[in-house]
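Shared chain: subunit A. Partners: subunit B in the first complex, subunit C in the second.
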Partner chain A sequence: MKAIFAIASTTVGEAIRRKVLLIILLIGVLFIVVAPGLGILSARSETTVLKSFMLGVTQGVSAIIAVILTVYMIPNEIERRTIYTILSKPVQRWQFLVGKYLGAVMSLLLMMAMMSAVMALMFFLQQQSKNAAEIAELLKGPMMYFVQMSLLAAVAIFFSTFVAPLVNFFLTVGVFLVGVFFNPLFQSLQDNQNTATLVKKAAWAVNTFLPNFANYNVQNPLINQNSAIQNEGRYYLGITVYGVVYICILLILGILIFDRREV
Partner chain B sequence: MAAAIETKQLTKSYKARQAGTINVVDHLDLHVEEGEIFGFLGPNGAGKTTTIKMLLGIIYPTSGEGFVLGKEIGDMDVHRLISYLPERPYYYEHMTGLELLKFYGSLFGITDKAKFIALLEKVNLHRDMTKTISQYSKGMQQRVGLAQSLLNDPKLLFLDEPTGGLDPIAHREIRDLILSFRDEGRTVFISSHELSEVELICDRVAIINKGVIARQGKLTELLKGGRIEITAEGVPESLLKNLNLPDSNLRVLASGLMLDMPEENDPNGVIDAIRSQKGRVISVVPRRKRLEDLFVETVTVKGGKS
Partner chain C sequence: MKRTTSPLLLAVLVVAFALQGFLQRTVIFDQWAKYYNPGKGKVLSTMMSPDQLLAVLAGFREITAGILWVKADTFFDEGNYDAILPLIRLVTLLDPNEIDVYATGMWHIGYNFTDEEQRSDRRYLPSALALGKEGCRQNPDTYELFFEEGWLWYHKIDDDYPNAVKWFLEAQKRPDMLTARKNLLGMAYQRTGEIDKSIDTYYNLYADAEGRYKKESAFGNHQNRDTLESNLDNMLVRKVQRGYQAETEHRPLNGYDVYPPFDVGFSVKATVVEPNVIRFEGTWNVLPVGTRIRVVLRDLKYPHAKPAGMEWDFSNDVNLDPPRDQTFMQEQLFVRNRRFNKKVDMSKDPTMYPFTSDNYVLEFYYNPRSAPPHIQDKFGWSGEGMTDKNFLNLNVREGQRVMFASLPITRDMIKRYGDWVDKTPVVKTPNYQESSSGADKDSDAVLKIPSLRTLGSSTVK
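Let's look at the complex of A and B:
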């Protein structure tokens, strides 16, 4: 356990010093800071625009950070030969992989917490809202995005155990985009009585085997007062458990592949 | 003496698209005794690093078997007793020397700060322990690498090109450190191209070429076969010819005669013969065989497996 924690904390130390990640984070924070000024550009309610924009930026920037952070993580360790000094110590490969993953998740947590804090502050300043519950309600978004990004990081780490970084990048981004935008489509194809059996089966396969990132797109109920999630607590718990189970499966598969891989 | 490393027919093959299967390491039989400094030599691509990686359990052998400190390679218990310094190592640059040792120490469950500082003192980095690795010179990085390799008080150290790319002063510092490891009773397995360095510090060597061990043995035995040149004046040519020394050459110089003979022959006998004829010995020069000669001869003439 100590080895996993040591590898994870070193990964955080490296991640928070990576200039490219800091620049992306800074851009995200800047967008959130200027968000209150964007209300005038839209005919919609200022609060709606503000929430929508800030949540969108947090999700988008977090996704970019998650991909950049994780796609090169394992290949870099091999290329720089740091993995050899670590694996020649009493460290198992699974400990190394889990340590790297946890380090990535902890880094994401730090960076997303920073964006969320700025988001909460800007919302407070703009709305002059002294209602803590309203701010807490808004922060449910980043919390679910964090589970979503942890799942995305697990996808990238899984692919990095057997494909080259560039291929991994496209695979991970592809899986994420399909999971975010097309999962509802596949679900409706699966449920539609008129869909051909073969298409239904294909839709079922995609829906079953690709992680459903769309689960975590909770911005609508957070932005629109009229759309609410029924039994909200249970829903959030359900998708969190779904994410954790999926992450565990991906990590186990990744470990099995990485264990036999020549590094 | 017990074997620190023993391999039997250890082989690593890769499939190449056009060349079929290539044996990068081909039926390797290696024997390294405990407490010695063992040089593992070979040209680029000979299979040195692949062998080390197999011995460390980082890559898996295709066939054959290997034992490190009496246990099968890959055994995690052995990893507590060995250490590895890779060629041109990279360390997390944001860390200080002390933090780096803390990190590697934590992989063994070692948290003793006094031990970290003592190791940094041993490699003469204690004054720079608060500097980040990015501020370290190549030599300092190599020394901090050696410090991390001593964290677990290893019985066996694998050093891959430990002096590669270092200046002469750093060379000497690293060499002295390696010699101190032997004095402490550790076994050191060095893969290197620095033949003069290896000749100075190693007890035994193996030369690997194209995945095959071409030579292996004690340096003193492998470097046997040197020659002695005796130059003399005031003696007839026939005297030296009549000595009938095998594998010897006699050359006539402006200053006299020069007899070139294998070092196995007794030079005193020749000197006595010259003096008995009132001749004068000008010089006796032993021409010792060097490791570089042996290496070139092995790699180019013997060529390993072709």
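Let's look at the complex of A and C:
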């Protein structure tokens, strides 16, 4: 356990020193700061636009950070040969992989927490809202995005055990887009009476077994608070457990592959 | 050294895989579909450019909707109305809380698709109503779309008033409804013939207005109270003069303004003057201006048709593609000097008037409930003071005395095909008589409209 945390904390230190990540984070924060000025886009819906834009920026920037942070993580260690120094010590390969992943997740947590804090501050300043519950409600979005990005980082870590970074980048982004797409597509196929049975079954299988990122897009009811969500806590708990289980699957698969790899 | 895979690890992997599938199917998906997917999966079947789609995927649903709506505005300015339809659908799917887009969309679909003579394409009306119903389902906490749905029934359809009342009542249940708009419920009740309910509505509104005026004696509050008082005053007088009270108590109507019923003497001749161009001429004995007789030309077997109208509310799906192989033309014939004469040109809009079927029907319809108050002062709210020895109809609209006439006409006649190339097709009611001088100014059958606050007058000289 000690080895895992040592690797994780080193990874966090590396992540916050990477200028490209800091620049992306800065751009994200700047976008959130200017968000109140975009209310002009929609008459009578300034608050809707404000929330939509801030949550969208937080999610988009977090996804970019998660992918860039993780696709290079293992290949860089191999390329710079620093992995030999680590594995020559009493550290198992699985500990190295899990430590790297946890480091990536902690870095994500730091960066997303910063964006969320700025978002809450801008919302408070723009709305003059002293209602803490309203701001807490808005922060449910980033909380679920964090689970989503942790899952995305696990996908990238899994691929990084056996493919080159560039290929990994496209694979991870592809899986993310399919994962975001698939819930709406699945429902479209299910609702459409003209869909062939075989296609419906294939859609069901893909929807059941591929990582489903759309589950975490909880922003719509947060932006338009007109409908009462029943069992909201159960849903959040369900998708969090789902995310953790899927992350475990990806890490185990990554460990199995990484264990057999010649480095 | 060959590495072996731990069976325990594989077992954990299989269990975890099964567990995530179980969670996805049983705990997550249904709730996601119910609460977190407002587009109901239809986003993918709409037209979006890749950059807009990416923006949506990245979480910018509302922003994308806002930008698309700005784009729709430019199409409005350019008069490119067809291009606006998919945008309206897309924006409402992306952001179902865009009330303005729903309201504007309903108006656009219901009113703006017109032919060269500015006649609405009524084949779109069921879609406009369906869009409004969807908007109400998505935004149940605000009155606006309920009111807009009611307004479409009241103003555009202008015939099926119980539906207008139903939606206005739904709107009134929402606390954010503007006071000024509540008056319309009283008007709608008049058009359903529920006069006591109309008066009750005005009394309630008057009490509210009085309360507001006592609280704050601002000019607006004063004016609102006075307007309501005037409306209420008129209603009470009309209720008496039009014999409503006597009618509800089953007493004879002698002595009231609606007695004896006045024969409107309807007759019509429809002449196909050119292919797809029909001239309607006819008589209507009411001298005061304000009479509009509805004419409908439709496929004999137009789906969901009813006499001089349609069962407009048949769909809950917003289908922006109306039945393009069917024709439904509706126009108003304005009466002047007791005659009407109007040419309806359907030759320039083949998509709106395709005339693909063999048989059509011309329908003529007059309903006193849609008439202006000065005509209703004689005819009553439900046609008690109106009759027509040839075309009075008590069946096509339940509980109402309306004028209704129908004439068959064929595609060959309308398009001047076959035998009709050199022969002018004419269809007319048996009682139609040619008149070179227009109105018969010396006729005795001139309707006198009774005045308010006067003794009941004899209505026929």
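In this text, the second predicted complex is superposed on the first by the 253 of 263 C-alpha atoms of A that agree within 3 Å, B and C clash if a C-alpha of one lies under 4 Å from a C-alpha of the other, contacts with A are read in each partner's own complex, and residues count from 1 in each chain.
We adopt the following convention: a residue touches a chain if its C-beta (ideal position, glycine included) is under 8 Å from a C-beta of that chain, and two chains touch if they have at least 3 such contacts.
For clarity, every value in this text was computed on a predicted model and none was experimentally measured.
> When the two structures are laid over each other on subunit A, do subunit B and subunit C clash or fit?
Fit.
> Return, as a multiple of 10 degrees, the angle whose vertex is the Cα centre of subunit A and whose sides reach the Cα centres of subunit B and subunit C.
It is 160 degrees after superposition, to the nearest 10.
> Once chain A of both complexes is superposed, is A:G60 in touch with subunit B (first), subunit C (second), both, or neither?
Touch status of A:G60: second partner only.
> In the superposed arrangement, does A:N220 touch subunit B (first), subunit C (second), both or neither?
Touch status of A:N220: second partner only.
> Examine A:Y235 and indicate which partner it touches, taking first as subunit B and second as subunit C; both and neither are also allowed.
The answer is second: A:Y235 touches subunit C but not subunit B.
> Counting residues of subunit A in contact, which comes out ahead: subunit B or subunit C?
Counted on subunit A, the partner with more touching residues turns out to be C.
> Is A:N207 in contact with subunit B, with subunit C, with both, or with neither (first, second, both, neither)?
Touch status of A:N207: second partner only.
> Does subunit B (first) or subunit C (second) touch A:F158, or do both, or does neither?
The answer is neither, since A:F158 touches no partner chain.
> Shortest C-alpha to C-alpha distance from subunit B to subunit C once the two structures are superposed, in angstrom?
6
> Once the two structures are superposed, pull the subunit A residues common to the subunit B and subunit C interfaces.
260
> Using the touch rule from the top, collect the residues of subunit A that touch subunit C in their complex.
Against subunit C, the touching part of subunit A is residues 38, 41-45, 48-49, 51-53, 55-56, 59-60, 63, 177, 180-181, 183-188, 190-191, 207-209, 212, 214-215, 217-221, 223-224, 226-227, 229-231, 234-235, 238-239, 241-242, 245-246, 248-249, 252-253, 255-256, 259-260.
> Mind listing the subunit B positions that touch subunit A in their complex?
So the residues of subunit B in touch with subunit A come to 53, 56-60, 76-77, 79-80, 82-92, 94-95, 103-104, 106-109, 145, 148, 152, 158.
> For the complex, which residues does subunit C have touching subunit A?
Residues in contact with subunit A: 3, 5, 9, 12-13, 16-17, 19-21, 23-25, 27-29, 31-33, 35-45, 55, 57-63, 65-67, 69-70, 95-100, 138-141.
> Over in the complex, which subunit A residues touch subunit B? Could you list them?
2-3, 5-7, 10, 13-14, 17, 80-82, 84-92, 260, 262-263
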